[in-house]
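I have placed the structure first, in the form of structure tokens, so that the comments after it can refer back to it.
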Amino acid sequence: MIEQNKFATQYRFAFIDEATKREIRRKLLKAIAIPGYQVPYSSPEMPIARGWGTGGLHVTLAIIGPNDIFKIIDQGSDASVNACNLRNFVHTMTGVETTLDTQKATIIQTRHRITEEVLKANQIFVYQVPQPEPLRSVERYENKTRQMHGEADYAKMWVSLYEQYVRHGDIMLGAGYPVKVNDRYIMAPSPIPRWDIPNLHNSEAIHLFGAGREKRLYAVPPYTKVAPLEFEDVKFHIEDFKGKPCFRTGYKKAFLDELYYDDGSKHYVINDSNFLDKLVNKETPIQHENAYLNKLPHESL
Amino acid sequence: MQPLLAIKNLHKSFTMHILQGKKIEALIDVNFTVAPGEIIGLTGKSGSGKSSLMKCIYRTYLSDGGTINYHSNDGVVDLIALNDYEILHLRKTEISYCSQFLSVIPRVTALQVVAQPLLKKGLPADMANEKAMFILKALGLSEALWSGLPVTFSGGEQQRINVARAIIDPPKLLLIDEPTASLDAATKAVVIDMLIGLKSQGTTIVCISHDEYTLQHLVNRCIHLEKGIIVN
Amino acid sequence: MNHYSENWLLKVEGLTKIYGKSNVRSIENTGPLFDSNICPETGAIIACADINFELFPGEVLGIVGESGSGKSTIVKMLYFDMEHSAGCVSFHKAPYIGKNILNESNQSKRAIRNHLMGMVYQNPRDGLNFKFTSGGNIAEKLIMAGNYHVGTIREKATHLLEKTEVPVLRLDDLPAHFSGGMQQRVQISKAIANHPPLLFLDEVTTGLDVSVQAKVLDLIRELQQELGIAMMVVSHDLSVIRMLTDRTLVMKNGRIVEQGLTDQILQDPQHPYTQLLVSSIL
């Protein structure tokens, strides 16, 4: 009890000092003004190590206010260790209400997934990003990738996709498929599965991306065109679970986890834990709709 | 009738900077004209200036002084005064030079060498090859050699290809150096006939030759050079 | 007859490259007369200076000279691989007519490099990306020109490899596994992928075996005749110059000492240095 009080009085609201908050907010505004463009920022030290979500945390703490309702998921789950720790941290630093309910939240921080339930205009979606530079796999040097973005010289990226097609018969990127934002910048959407990529396009919510270790912020404002990179004859497609149902709800039209039990049996279950809970409780959450979902064969839906 | 070629006061010397600027006079005050359709033979000992004269006309050599008036399709021009591009244009369209030895290009077959002037002009390959084959046959080059590489041929065989290439697309002015060297009597006669035949196609020929037979049967008029000066 | 003089494709005026700090006398105190590229007062290196020449559509221009003559420097500046110190380069292709392309934006320069120029380097590693397949390297050029259809890209790449006599089966192989001659031919395919009107060849056969050299040179000659591309061939090898070019520039210590028809340069060289060069052919 005493430690908690001491703790509470020694840190200001949202842990980060006001000057740094202001800097992050200004950079976020710039990021929103230039969709998909990576803005360098101060990336202050946090009480968690780099590579554990400092970028997402920076964004959340810079924008959160006392009336916000905060949710955080890690690979779709509210219950993972890191999600719980960060939720506790944010609550302790700000006193804001936390929730597991996607619909109730006003700020949702995520690691590597977008919620199945559709996002609304009053919500801000904050991504934890490991590698903000989509061209890093084809160009090692930062000054060159900056120039490539500046001049929209993306040929190398396209050739690497062509090479994958040639080698494997399809573009093999599973998570973090590169997208073109607003017909200008190629962006790394963080390692979300292909299933989630179409849900960035024309979203009602604001999507903010924070890469703490690499010190970059970027954003996709609402109603922005986000298109996965595809050739005219080699198109982007989302995962097809081939009609496997979630073993707890029987639902098919969601991103599924594969679970192995000790007896060797394999079951599929909906990855988004809150969406799963709602379906189990016989609620009817509204799911994201997109053109790629409709392209799946009938039995997968 | 206007002459095709009118050479006046032509001078050519070489300055050898490697030999401390030693000057060698190759041509001194050369004057003569060539009428359209004439076949002129240049004669003289080695070093008398025959090749130099031809090369000055073709602009391989830069003349020191004088004029070489040539009646081109666009009017009379002084070959010495023209710029590089104008010369290149004339070489592509009107004036041909056939050197004494075949310049060998790796990997190009005998047939291709001969067909090339027509191919360059844009003629379809089958037509060009047909004409090439016709000429090579007439010159007595055996069919087996047509797809061979000239670098492996004998001097006589190479010479046949050389001449064939020169005559397949008759130019307005043909400068030819020793057309019948290395050839046996029968082929010589064929070559001479072919060259005379070019006359009917509007070709004027200036040729260098040592061969008595060629000079007798091919040439209309001889110009004899000694130490760079025309003597008669 | 004079209509030729205005029809140039590329016009280079006063092209100069200086390394280090120079002063007003640097250029006049260096060059072939001084047998030196280095300014005696400031130590600046005058890689090339006062370079003036024209290149006509479909023409093959040779640039010959020994090491340090500045021949590669000229081509590097024209291809924007290197910044110029002074000079004006005019390219007679819309929308660059009347402009000095050396002063264009990076975007424009990239567009010029993609669509209007091709470059074949002496070392294939400079012109090819060894991490991509040979088809991928050609695809890079095609994608830069706006082709986003994999089927069409592969078709065009196959056609180009056929043209340069690279076995089509190697379309999906890495150039690192090719012989030197084949790597050069893949480079050539890549360079002509977008049918540019101008192609630079910088010592492309130097270092190759004689038979391979012959093959590559013959290919270049054939392509030039078939496609009518204007070419600038840089070489220190006079036999390459003789085989490929119509006109030649002879360079020494960063200056052009003689220019003219190739056969004239080789058979009736005027400048002492040219005479020395020509007499040195083995």
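Every chain is named by a letter (A, B and C) in the order it is written, and numbering of its residues begins at 1.
What we mean here is this: a residue touches a chain if its C-beta (ideal position, glycine included) is under 8 Å from a C-beta of that chain, and two chains touch if they have at least 3 such contacts.
These numbers come from a predicted model, not from an experiment.
Of all chain pairs, the one joined by the greatest number of contacting C-beta pairs is B-C.
Of all the chains, the one whose CA centre sits at the greatest distance from that of chain B is A. Centrality by Cα centroid goes to chain C. The distance from the centre of chain B to the centre of chain C, with each centre set as the mean of the Cα atoms, comes to 33 Å. The centroid of the Cα atoms in chain A and the matching centroid in chain B are 78 Å apart.
Averaging C-alpha coordinates per chain places the centre of chain A 48 Å away from that of chain C.
Within the complex, the chain A residues that touch chain C are 147, 151, 153, 155-156, 158-160, 162-163, 165-167, 231-234. Chain C meets chain B in the complex at residues 1, 4-5, 56, 59, 214-215, 217-218, 221, 225, 243, 246-247, 260-261, 263-264, 267-268, 270-272, 275-276, 279.
Residues 14-18, 55, 59-62, 74, 77, 82-89, 105-108, 119-120 of chain B are the ones touching chain C in the complex. Residues of chain C that touch chain A in their complex: 106-107, 110, 129, 132-133, 135-137, 139-140, 143-144, 148-151, 153, 172.
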